[in-house]
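Working notes, structure below.
Here the chain labels run A, B, C and D in written order, and each chain numbers its own residues starting at 1.
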Amino acid sequence: MTEIFQSEIIISEISNLLKDDKHVAIGAASPIPGSAALLAQEERKNTNLKLQVTILHSQKFNNFTDGSRELFDASAQGRIDTFFLGGVQIDGEANINLVGTGRYPKLDKRFSGSFGSALMYFVVPKIILFREEHTPRTLVKKVDFISAPGISPPNIYRPGGPKYLITNKALFSFNKKKKNFKIEKINPEFTLNEVIKSTGFEFKTNKNLKYFTMPSQKRIHILRNLIAPKVLNFYPQFAKKLWFN
Amino acid sequence: MTEIFQSEIIISEISNLLKDDKHVAIGAASPIPGSAALLAQEERKNTNLKLQVTILHSQKFNNFTDGSRELFDASAQGRIDTFFLGGVQIDGEANINLVGTGRYPKLDKRFSGSFGSALMYFVVPKIILFREEHTPRTLVKKVDFISAPGISPPNIYRPGGPKYLITNKALFSFNKKKKNFKIEKINPEFTLNEVIKSTGFEFKTNKNLKYFTMPSQKRIHILRNLIAPKVLNFYPQFAKKLWFN
Amino acid sequence: MVNFTQITVKDIAKEVKDNCLLGIPADYSGVPMSVTIEIIKNKTKGLRLYCLPLTTIQGDMLIGSGCVNEIETAAVTLGEYGQAPRFQDAIENSKINIKDSTCPALHAQLQATEKSVPFMPLRGILGSDLYNNRNDWSVIDNPMNNSNTNDEKIVILPAVQLDILIFHASKADINGNVQIGRRRELATLAHASKKVYVTVEEIVDEDFFDSELKAAATLPSLYVDGISLAKNGAWPCGLTDYYDIDTIEMSKYANAAKYQETFDEYMRDFISQNNYSNI
Amino acid sequence: MVNFTQITVKDIAKEVKDNCLLGIPADYSGVPMSVTIEIIKNKTKGLRLYCLPLTTIQGDMLIGSGCVNEIETAAVTLGEYGQAPRFQDAIENSKINIKDSTCPALHAQLQATEKSVPFMPLRGILGSDLYNNRNDWSVIDNPMNNSNTNDEKIVILPAVQLDILIFHASKADINGNVQIGRRRELATLAHASKKVYVTVEEIVDEDFFDSELKAAATLPSLYVDGISLAKNGAWPCGLTDYYDIDTIEMSKYANAAKYQETFDEYMRDFISQNNYSNI
């Protein structure tokens, strides 16, 4: 049996989350979500429920023609089902921080910036938070800076918001009413206690806690033979490291 | 000497009003202004002050690429120097009516509608009002419906507005502060008294009243040989009637 | 084999439900005449037309055929062929409601929906009777202090969401992308519409996104719910690079439409002649 | 012979005055690197960068070279090559002001200028610390009753007028029209800028408006104040259909920029190598 990489397991898990989507968009610096979306697209190729995947940093997988604002307009129009957001920090109420740690504006450690999160998080129905590193410094009690809030009061237009958080250790769902995360799946390489210790916020445990599903041989075959070459086009560094080294 | 048509004299007069412009735009159903702009463009071809002419109903003389809103956006940005507006009725304060006569909305006589006048009249610095028919029913004391007002109070953003009114009988200038028209030129086929009688509003007379200038033979040559074939492309009915019958 | 929903002109017309808000392209944007005839044959009622920013024979025919309840537009005209007679008659005899507008307002209201914001500000308009007759428009004090005009008043316009948009275009590719060229107002219309149907002169065996140049001229399939082949689908209107306006037919229409009786007669002929062979 | 103002890259850089508000295209929109180097050589000071919506090596170099006083952006990053080190250093040590924004807000502020309206509404943003740190943004009660959200609060953003925009593109035609393809954000930037200068890979002996397809991919000369030929003008960034990003140079830069000393050394080399042969 071939060795399966951790990143491939996460790609596979994310792919499962895209089941009923019609259109998934992938923003900046998101090779793992991008691979997952292309995988889901490939697997549904011969079904009636086609999946459109828009990868902003690709020429080929980007069918927008109204300039770089079209992603945001189309999302606001409700035409994008799923989008991914990351975070330097993510807290227990699903607030995300893409700006940096320390006290704003003179931060201790500055990161790139909020990108489109402050709109996308409000309007895309299924936002999947993705941060590979799962440690108390990434998953925190309270973010130092809110790039986009996890929840909003009723007088704010908010058809969208966080649905899942996935890391290299676990998959969480988010409950908007209770304003908390619940663990759904765990990477079999870690114990629940280890996950709790690595998480800066409290989350709801789960009696039916499952393990990350190992991707089937068929899925791995598709991923390595059909998806990897595509990813090489627009995330060359990532694809080379994982598949072509 | 060749016979010169009335329409050609008006085209020539309008062309003179475009002297310092860099960009003139021509809207719907404006064959005479369109011909005048192309004439001015041709005559300035070998000078340093080129004239750009945008004729919306032409493919060739329309260099916009942002769809039909670009005329309005570009005008609001201050990139269009001169635009033409007409009117079912025009009154002494330069209010224009493109909608119809009688009591709105159940009008006695409905016309096409206001087109872009309600923005263009506010933002284009030199609006030339053009209405061939010069009678008390077209030049009225008070329009029945204001498609766009001639003047605005100071709390309204209004870099643009009416500068001239030209008809088959006369050319008027508009004084924004005094809110009235002043006659500048008269068609030699009419007397001032006839013009006064044909005008439903009072206007300022002019000690230096001039006649419409007869276009030179050279200008008529350019108009008939270089401009007429262009006009035939986008105002075929007009061009055929005037030049190709 | 195409990878999109290919339907008939008749099917498109069936999607135009009574009382819906229908997007109407200008004469230069690809007038879907073949579908318009089918709508008229269906005796569709109560349509509300939203013109971007005007309509010519399409709107006049729909009005004359009794399909229209309301029209929001900057103009209805037959252009060089004169006023739009059925429209004039309908207004002068209060047969339809009119929301008289101005071109940039019609654009801005769709751009608001495109961005999913509830309104758009627009300069101009104030002091006109357009404003005085629109109770869906309001005026606010400019909330910004970035203007040179003190205590500026500015109009705000509501976002308008179309129920359905139909237009005619030159080409679709095998994946349902539509070539719109410079007619980018069609993109704005499509972005602001719940459903979008397109008739085309031809379906070509390529993907426009394989060429950056063609891609730039394309409305992506993402916004298109169905496409039908309809040769001469804009006739008697013109279509850029395909055919000019049919001046004889337009004159004939302009003349016939002057009276309801002659209009009705014209329409009976027009419909029975089956001008769009491939329906 | 061309019918437009053809100038040199050095001339374009001279138009970038101290303290001006400079439009910065994203990495995918044509980064004008050849002009950027000249701006750095000119020791231009106090620049305010307006990024649509982000910048990579261009912004980082300008910041590291001390040309920048303020930046309004949704992100500064070297993408796959990591964080932008000179930007990080400048923020962490308060060397420049930052107006942290989000992509759609950067678009909307220019669209306001495009329409000459004083502001644009935008949903989202509220509840973020972006909003809390922007005193040029405000919130109003939605003045429309067309929303399903009761007593909705909505952000309004000011119109932003750029002083100057510079970008790199593939082609200009003999009449000064510029091919921008699908990169329509360049049109928005140009519409909202007082001056626009473009560097291109080639000037072709045709008029793009002779073909509807090419016209659709064109920024009209009307918005362009000057064009310079600059082969490889985006290098080490990429340009669609011309060349990919230079991964070796980007890695080299990412590494060198980690410290001011090594950045300065890198820049000395970069400038002395004269990478843009035709300047």
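Methods note: contacts are C-beta pairs under 8 Å (C-beta built on N, C-alpha and C of every residue); 3 or more make two chains touch, one makes a residue touch a chain.
Predicted model, so just to flag it, every value in this text is computed and none were measured.
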item: Chain A to chain D, fewest steps along touching chains; value: 1
item: Between B-D and B-C, the pair joined by more C-beta contacts; value: B-C
item: Chain whose mean Cα position lies farthest from chain C; value: A
item: Whole-Å gap between the CA centroids of chain B and chain C; value: 28
item: Centre-of-Cα separation between chain D and chain C, whole angstrom; value: 36
item: Chain A-chain C separation of Cα centroids, rounded to whole Å; value: 40
item: Where chain B touches two or more other chains, by residue; value: 59, 64-66, 72-73, 76, 123
item: For chain D, residues contacting two or more additional chains; value: 104, 115-117, 122-123, 147, 152, 154, 182, 187, 212, 215-216, 240
item: All chain pairs that touch each other; value: A-C, A-D, B-C, B-D, C-D
item: In the complex with chain D, residue positions of chain B that touch it; value: 23, 52, 59-60, 63-66, 72-74, 76-79, 123
item: Touching residues (chain side chain B, partner chain C) in the complex; value: 28-29, 57, 59, 64-69, 71-73, 76, 98-100, 104-123, 145-149, 152-157, 235-238
item: Interface residues, chain C side, partner chain D - complex; value: 104, 108, 115-123, 138, 140, 142-144, 146-147, 152, 154, 156, 158-159, 180-182, 212-217, 240-241
item: Chain A partner contacts - residues on chain C that touch it in the complex; value: 113-117, 177, 187, 191, 209, 212, 215-216, 218-223
item: Chain D to chain A touching residues, read off their complex; value: 26, 28-29, 52-54, 73-77, 79-81, 83-84, 87-88, 91-94, 97-98, 100-105, 107, 111, 122-130, 133, 147, 149-154, 182-188, 240, 247
